[in-house]
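You will see chain A twice below: alongside chain B first, and alongside chain C after that.
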Partner chain A sequence: MTHEERRAGLVRRWGRSAKDFLYGMAGHDMTRYALKTRGSMEHLFILITMGDLLGVPILPPYYSLRLLPYVVPQISTWKRRMLRERDLTDALA
Partner chain B sequence: MSLARVFREHPERRYIMYGGKGGLGKTTFSAATAYWLAKQGKKVLVFSVDPQASLTDIFEQDIFGKGPVEIMPNLYAQEIDADRHIAEYQEEIRGKIRDMYGFAEIPEEIESYIQAAAAEPAMEESAIFDNVVDIIVGGEYDYYIYDLVPLGHALYYLSMASVYDEWIERITSLREEMEEYSKVAALLERKEETEEDQILAELQDIRYRINMSSSILTDNEKTAFFFVIIPEEMALVDTQKAATKFAKFDVPLIGYIVNRVLPAELADEDIPPYLENRIEMQREYLAKIDTIFGDQVLTRVPELERDITGLDMIARIAEKLFGGEEI
Partner chain C sequence: MNSILVLIVGVLAVLLGYGWYARRIDRDFVKPDADKATPAKMFMDGVDFTPASRNVLFGYQFKSIAALGPITGPIIAVQWGWLPALVWVILGTFFIGWVQDYGAMIMGVRSEGDTMGALSYKLVSPRARTILMVFIYFYLLLIMGAFGNAVGKVLMTNPKVPFGMIAVALMGVLAGQMTYKLRQDIILTTIVTVLLSFGGIWLGTRPFMESVFSAILGLPDSPTIFLGNTQAQVVGPILVIAFCYLGSVLPIWSFAQPVNYVSFWIVSLGVLGGILGVLIWRPGMGDFPVFTEFTTASGPLWPMLFVVIACGAISGWHSLVSTSGTARQLEKETDALPVGGGAMFMEMVFATMAFLTATVAFEGWQGYLDAGGAPAALAVFSSGLARFLSQIGIPETFGTAYGSVFLTIMALTIMQLVVRFMRVAGAELVGKQVPAMRNVHVGTSVSLILTLIFVWIIPWLTIWAAFGASNQLMAGLALLLIALWAMSEGRVHTWALYPAIFMIVTTIAALLYLAYDNLIVRLPAAATVEGAIASLLVGLIAVVLVVAAGFLILDGLKALRKPQERLADVR
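Presenting the complex of A and B:
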């Protein structure tokens, strides 16, 4: 490896680190927020389409069934979230 | 205005519906209209949206759950077997879950949900509602004649259509909003592509189907809705009430057909007081019907000497219904 190449590699690594650093400073929180909101909405969505699983009657079951295959993996976490007890620490999350 | 003229002047009205209280002649007129159109070379499908359908009885041929059955040249009849449709649909959902996740067995919780959903009271109607879309999307007939359910049920069917509309719009927009968040997160993480949201794709297809089915019920250009009444107090009162409610759902009401009218010439003969009274009563209500509905009354159909089953009787009633006119 020549001196030039080593320098270029170093600059690239620096550049990447700087980018990651900036992303951590500014972008990461926003990404987390977007994903968290998306997650909450996912659970809301399952509630209004599959609420029958919790005993909340939902109209119309016919078309809900068509969505069922896609939400199979989320159903257990969703039920856990909907049915768990809540306390003060929820407000801090 | 005669009934035949309605068909002649508006050939674009390809979806024909007869509504009214139970037992007044909706199925009879559906079959007679189908017969009349088929005789003139139009390809017609008459189908029932009633879980307790009676097309099988009127055509004297078992057509239940057999798809479109040819009754005579150009005339096809169909009775939807909702239970079978639901069972097939459940199996399709199970198959999809097995394929998607490689399950040998459906998890118990999911299976019980599938079974519980099918037991919902609205399931049968929903299945028929959905099946109608398949029938109409096919588009291979010149005319589609809906043999409707009795009044109260028909209103339920209509309100179901509007509830579905509302439901699907809201859910789809929620899903679209979720998609936005996914995109934002992907953009911030500098991912090149986001996964396509399959649920959104399903929802859009469901929305298309629901809109298709419910828009036809309210389409002024393509649909003609006729009320069947008989010259009796109860039928008259109920029909008036229903007409107001139907109007709220924008059903394109074209006119009224009076059924079971006793032949007026009977009065000239020597008849028992029982019959005389009935004729007098009918005369009163016929006048009332004319005052209330005016020229929306398209025709009067006489009571025949026997019930209407079989093609010969259907032909006779078609003759009375359209007064021998052609399209």
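Presenting the complex of A and C:
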């Protein structure tokens, strides 16, 4: 690796770090909130298909069965969210 | 002393503190393992537990911990002279501040992302969690009172400021609509809203707008109309409360988040401009005294100086952010030091900048007093920043309004978050007994009415000292938890225990002083009903906080005596 390439690599790394830092200060909170909103939507989504997931027909099975393939990939992360112990300080983050 | 020399001392403290002391503790005692799975990876849920790069988290952590504390504290503390304030900002961060931020973060990472409440339950005692929650509620109420007082009764009473603040809020709403509804590019959104915000701040300084807000605030001779407050001091806090109400009840994406986003650019550009101004100007302190006297309007140097610098050296708020927020996003254990420790050292530099606005911007002691001194600390900062900005060609009139809006939005960013928390806490704590508290509007209104009472009746320096004491005591308790955690892992724990002892002793002394001053000295001598209520409130809150901390410390001492193996079993 030549001296110029090393220098260019260093500049790129610094640039990327600065960009990440700026994003962390300005936009990371917004991203986290968008993720939280999506998480809440997923909870509702899983709620309406839960009956059929367990074999208890609460909604007409046709619609639920159409939805189930979209639910299955979310089950593991949903379980973690639902079962995690929470307290008031969670509201601060 | 010259301002450049102060900056050099600050930079040296960062190099030595972070590069040597912090790294040594990290490497020799905590021994983080880059290959060990963190909670962000183990429990990834796509929401709270999600790994992020350390540069992103460094920015996130710094933004979450930097509010009014590091700015206001040093400006009030220089009333004891510049040396005690500077020494505590630097040595406090060096030996205690970063230890708490970093320690809380690594403790959260090693404890599966537990919050402070859960950690106190496991490490101290089951009742410690409940006591901590009560403590945190009062602590947050004091944050609201102190920040609301600073902003509502000082900054918003300047008729050049409210329109700028309203303009920034409206641009925040526009940013939210452009981002989420109109799906516009973020760069375009940023340029449009930030430029329009600056336009709004400038418009606020024009004679027409100034006369409109002068009429609303009853200026220039604002009459006393309510609880000993002038019309301006009544209207200013109401504007702040209205803003917090909207931030609490409107969907976050439409108000609080985008306003914070626009505010970030306003604040960052101000800080950058201020630093450039200092570097170009390089002013000296003139006749600013090294040390004035042991007892000032805020009380005796020990313990009060250590609590009025509420965030510049150490802050309990940081432990809450570090555990509930950042610890759950760390990709590697080794990132805890640059993120937690690094952000705290950066905050020390921020506090040093605030220190400079008080000591060098007015070229002497009399200039500091003429600008308002400790009783108008935020006005001192905005005028000082305006002087720095004038070095890069920005007119002082605009600079003062800009500095005031800058501080207002910094305070409101935290206040909106705290109101949301208090609303949730109110619903949790008394929701069963009073079902109305579960209603968003009722819960928010109750929190904000309490805030207004604090703002209107408690004097500024008193509420700031009470907030500082509770904030630093929270930090002391967090340090105690960190020491217990280090013990439970069989590691050296003195690096956290000695700072914990110092902070707990100092802050309890400060709270006892406040209780004595308010209940024994001021209450019997109060000339008005509101003065008596204010003294009673502050005194009682100080007593409640001391009692709550006393229980936590007693349980903590019992836990310290437990054999390490038993603690490990409990974990």
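Going forward, the second predicted complex is superposed on the first by the 58 of 93 C-alpha atoms of A that agree within 3 Å, B and C clash if a C-alpha of one lies under 4 Å from a C-alpha of the other, contacts with A are read in each partner's own complex, and residues count from 1 in each chain.
The working rule: a residue touches a chain if its C-beta (ideal position, glycine included) is under 8 Å from a C-beta of that chain, and two chains touch if they have at least 3 such contacts.
The structure presented is a predicted model; accordingly, all values stated were derived computationally and were not measured.
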Touched partner set for A:Gly27, first chain B, second chain C, both or neither: both
First (chain B), second (chain C), both or neither touched by A:Leu35: both
Touched partner set for A:Glu85, first chain B, second chain C, both or neither: second
First, second, both or neither for A:Leu47, with chain B first and chain C second: neither
Touching partner for A:Leu68 - first (chain B), second (chain C), both, neither: first
Overlap of the chain B and chain C footprints on chain A, listed as residue numbers: 23, 27, 30, 34-35, 37-38
In the complex, chain A residues that touch chain C: 16-17, 20-30, 32-39, 77-78, 80-81, 84-93
Chain A-facing residues of chain B, complex: 89-90, 93, 96-97, 100-101, 107, 109-110, 113-114, 116-118, 120, 122-123, 126-127, 129-130, 160, 163-164, 167-168, 171, 174-175, 177-178, 181-182, 184-185, 188-189, 198-199, 202-203, 206, 210
Residue numbers on chain A that touch chain B, as the complex places them: 23, 27, 30-31, 34-35, 37-38, 41-42, 44-45, 48-50, 52-53, 59-73, 75
Chain C residues within the chain A interface of the complex: 43-50, 52-53, 55-63, 115-118, 129, 133, 136, 179, 186, 252-253, 257-258, 260-261, 264-265, 268, 320-321, 323-325, 328, 417, 420-421, 424-425, 428
